[in-house]
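Each in structure tokens, the structures are laid out below.
Below are two complexes that have chain A in common, paired first with chain B and then with chain C.
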Partner chain A sequence: MSFVVFLGIHSLPGNTFVNERVRGASLALLLHEYGLDRPVLVQYWDFISHAVQGNFGVSIVNRGEPITPIVLRELSVSAELGGAALLLTIGMGVTFGVIAALRQNTWVDYSLTTFAIIGYSVPSFVIASLGVLIFGVWLFDVTGGAFYYPLTWDGTYGTVVELTVPAVALGLFTSSLVARITRASMLDVIHQDYVRTARAKGVKNRVVVVRHALRNALIPVTSVLGPLIISIITGSVVIENIFGIPGLGKEFINSILSHDYNVTVAVFTMYALLVGVANLAVDLAYTVIDPRIRY
Partner chain B sequence: MAVVAAPRSDQEFASSTLVREQASLWRDGLRRLRRNRLALISAVYLILLALVAIVALFWTPYPTSAIGVAQIYSGPSGAHLLGADELGRDLLSRLMAGAQISLSVGLLSAAIVLGIGVVVGLTAGYFRGWVDGVISTVINIFYGIPALLVALLMVTVLGRSFTNVVIAISATVWMDVARLVRGQTLSLREREYVEAARASGARSGKILFGHILPNALGPIIVAVTFVIPSAILFEAFLSYLGVGIPPPTPTWGAIASEGVQALRLSPHILLFPSIALSLTLLAFNFLGDGLRDAFDPRQKR
Partner chain C sequence: MTQPVLAVRDLSTHFFTDDGEVKAVRGVSFEVMPGETVGIVGESGCGKSVTAMSLLGLVQRPGKVVHGEIMFKGQDLLKLSNEELRHIRGRDIAMIFQDPLSSLNPVLRIGFQIDEAMRAHDKIPKEDISHRGIDLLKQVRVPDAAHRIKDFPHQFSGGMRQRAMIAMGLSNKPDLLIADEPTTALDVTVQAQILELLRDLNEQTGAAIILITHNLGIVAGLCKRVLVMYAGEIVEEGPVEQIFESPQHPYTWSLLRSVPRIDSNRQDRLLSIEGLPPDLIDLPVGCKFNPRCPFRIERCFSEPPVIEDVAHAQRAACWVTMTRAYDEMGAANITDTSPGAASGVHPQGRRPAADLAVAPAETLSD
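Here is the complex of A and B:
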């Protein structure tokens, strides 16, 4: 996969230095210095053999800055945002789904379901922009624009306040999805015999809901966790660009717009790795939720 | 008025897109759809939106790319119902043209996805064996990659244009329909009537398109309805990030991203395209839900 991306990016018209008005001999010198005058296959071999050792080479736009530390730092920023969004997704989604299912066909159910459909339909960049508008412009005196990352990032991580608005914007779509699925599977489960048996035994309602029903209702939710994580990763590209969060997504767009091939390929490789790890983690989560599955 | 007008539009919808031979099934479905008020309202909204998009082809209040027809950053007023943007272009005209872009991206992508999905899914489901193995693996690989990022790269590599955006979107969202068609084919091919057709010497093509496909059509239509909003959303995302259809084409995503630049000064530039986009996506999702309940009762969630 990295090969296709590499080829594609390198076949782009123009080159990195097109914006810098370098001509003739100095251009040839620059191209040579970064090895860009070699055949593409040689360049790819060079890239992949270093990448395996965790070295993504150097940035072309910010002359010679090694990429690996940058990407790792940005990964930690993105992971923080994505983790917060994932927690929100599971926490809010499951809670709302369970509440809606327990209060089926009441106004609680209807309002939560409607809320979920809205959250599912309104694009995350709209929610994010509205977040900026409400909390950053209209309520500026209250928040002081607190969730904006400073232009020059000083290496400290976002506080809870700084994280909340971006994480909500990022996690609303996925939590709506989780709420919908949880509600449906919860409704399936609570009408089954073993739940009635548990109630008949006189088990407390809270215990029935959490231990008997919810545990089984969560199995369908786990099966969509993989796609959910991918959609959070995808969404983070947009959210980071809106809130100016210095993570992988912002770098991805920047590197594409500035033709910084090496960085684009490095960031994409990181994303591919992330997706792989996430899928593995979801597979492991299955065994925790559903002990019938063994590997 | 609206109550009278709506069923007629459904009927037109039925006669133009659905297969007639199974009138009872479709009539049954339409009856169920008509009882679903949210889906009906959505359908009416979408028809209105389509009308606006068609009108925008021939007429907009002001030329969509004409600079300085209004005071720059001016809010909604009598002459410019939705105000103007940072170059003094009339926002209503641009939103109307944007509706046309969004709808054509959505419908075109859905058509392409339908084509790919039907061919790929039928092939995998009918011939099974190693063909199915290869196709299923490819589908799973596509599921594993972040679609938006790949679409983003594809548009960058292919060049920013309407066609390439549609290609990139179709190439990254086709799997749902393909997998559905495959599953349907796998189960339908074992039915007695398919066996009977095969026994009477029908060719594979005849069985696939004459017997299997028409019977799988309900779920397929539902799945394709859900492709339209996701394609529209994708296009808006790409335009919003500045890698979609290039300016000055007025897409909703691009207008919204211009609005974010001027958030403090004139939030209406962000608000109006966002509202339009959200309503459209909402309508497609409601309609899709309604269609699923109406035509695909087994798949109730």
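Here is the complex of A and C:
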């Protein structure tokens, strides 16, 4: 993975110092200082042998600043945003899906279903742009100017608004999808024989719905959760850039544009790790929720 | 005289579908005495299962009990609120279902599902529940019960799952156990074991059993009394031996003749009942069995027969009855069982073919 990215980013035309308009001997000197005049394979070996120890080297743009702490900080911001979006996806999606299923063919069901259709029809960048417009511009006085680049890093990212609005923009699509799947799956499960058995046992209706119906209805939901998490991760690149959130997604674009080679690879590596961990977590969740599955 | 544990009077359950009102159960009345074993037999879609579901208020939309009275321990179950009915379900009246593969929740442990039935009610003291769960599994002869109780349903065989279902049904020592085709999904040896188990449990616990089945052999094996249902009505009822010996309704008679017998000649064709059960949305006028009945008379097309005594403890809803069919129509020797064949009645120019063309696709499954 890192090798492909490394080759890719190094094969882009130009180099880090294009914008500095250095030429001739001074350029050669700079290239030499950062080891960029060596063959790409040698550079890769140098990079990867440090990277496996958790050291991604130094940034070229920000002259000598170590990359690892930066990327980790950005990861924490992205994780905060992604986590909020995921919470929204599962929390809102499942709740609305269950409510719509239990109130099938009533106005509650129709309005929730309509809302969900809008939710996964509108692209996230449209919602994001509206979010910036409403909360960043129109409500400038209320929010204290959210989404203007924070100047200093004080350990955590943003205000409640600065977290919620991007999380909604990011999670609306996935939560609409989850709501729809949950609704369909609940409608299927609620007519299953074992739900009837539970009723015949005299179990309370609330318990029947949650313990017997919902637990089974969540199985198909869990199976789409993997792809949905990946769509949240990729979506975060767009969202972070629109809202100016100093996370991995923003660094991802910036580092490519500025040819900050090692940063790009580090960011890519983080994404690869995230996707891997997310899929593993989903698979593990699967075994918990469905005892018939064993690995 | 002892009071019946359950008395159903004039129960009607209809399904309000887009195609019309499906009259699945129409005016069904019967009684079950304490400790009695009653069989309800009939073809698929005749309303057996819907009757059972109606008893426990488990009929789901678009179905609805439209009329009737279900007296259980001096109260009408149809007048109870959902919450009041919930306290009776699983506690005083338990039900076990047709397909043990789909009737157990796949994501919960067997033991949990059995305990849950007890926890839902306060009949069994809390501290006894987990212990009783194991005892119940032992009672329904699940080997190594103490360990198997921790299994999930998919780790159980079909027969074991049905045993677990029965254990669940018995957990609160109910007065009445409704078994809806408990052996249909099982192979014959397991069927026999399950029936034997139900019989033993009936003797040991004194719980009355309503056994719903389309299999007459099972009724003969377990029940003392039998109700025969056709197109949502009870057409005949009486003691099992008597019904088997001398059925009075032509439907019961046909049903008994259509059971394959090991001692019959292999070349003989199996006698099926020609035609299909009637469309429950658009029922025939008069007797509902008239489009398929070999012994029908003119009256069957104009007036629905009333269920009345035909022998001691035996009642049937038929204008002809088999006694007369034997005496006057030579029912003992007939080979042609097509509609009207024995009586020669084809009113309004209807031919057998027209009769057979009635029922469209089945509107109900059970």
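Everything below uses one rule, namely that the second predicted complex is superposed on the first by the 285 of 295 C-alpha atoms of A that agree within 3 Å, B and C clash if a C-alpha of one lies under 4 Å from a C-alpha of the other, contacts with A are read in each partner's own complex, and residues count from 1 in each chain.
Convention: a contact is a pair of C-beta atoms (placed from the backbone, for glycine too) under 8 Å apart; a residue touches a chain by one contact, two chains touch by 3 or more.
Bear in mind the structure is a predicted one, so any value in this text is a computation, not a measurement.
Once the two complexes are overlaid on the shared chain, A:184 sits against chain B while remaining clear of chain C. In the superposed model, A:268 lies in contact with chain B only, and not with chain C. Legend: residue contacts after superposition of the two complexes on their common chain; A:233 is shown touching chain B, with no touch to chain C. In the superposition on chain A, A:204 makes contact with chain C only, while chain B stays out of contact range. Contact with chain C, but none with chain B, is seen for A:193 once the two complexes are overlaid on the shared chain. Applying the stated contact rule after C-alpha superposition, one finds that A:123 touches chain B and leaves chain C untouched. Using the contact criterion defined above for the overlaid structures, shared-chain residue A:279 touches chain B, although it does not reach chain C.
Ranked by how many residues of chain A each touches, chain B and chain C are led by B. Overlap of the chain B and chain C contact sets on chain A: empty, with no shared residue.
Considering their complex, residues 191-194, 196-205, 207, 211-212, 215-216, 219, 289-292 of chain A touch chain C.
Chain contact summary for the complex, chain B toward chain A: residues 143-149, 152-154, 156-157, 159, 229, 233, 236-237, 240-243, 253, 256, 259-260, 263-264, 267, 270-271, 274, 277-278, 281-282, 285-286, 289, 301.
On the chain A side of its complex with chain B, the touching residues are 1, 5, 8-9, 11-13, 117-118, 120-123, 125-126, 129-130, 132-133, 136-137, 180-181, 184, 226-227, 230, 233-234, 237-238, 241-242, 252-253, 256-257, 264, 268, 271-272, 275-276, 279. Looking at the complex, you find that chain C touches chain A at residues 56, 58, 60, 82, 86-91, 94-95, 97-99, 102-108, 116-117, 120-121, 152, 154, 165, 168.
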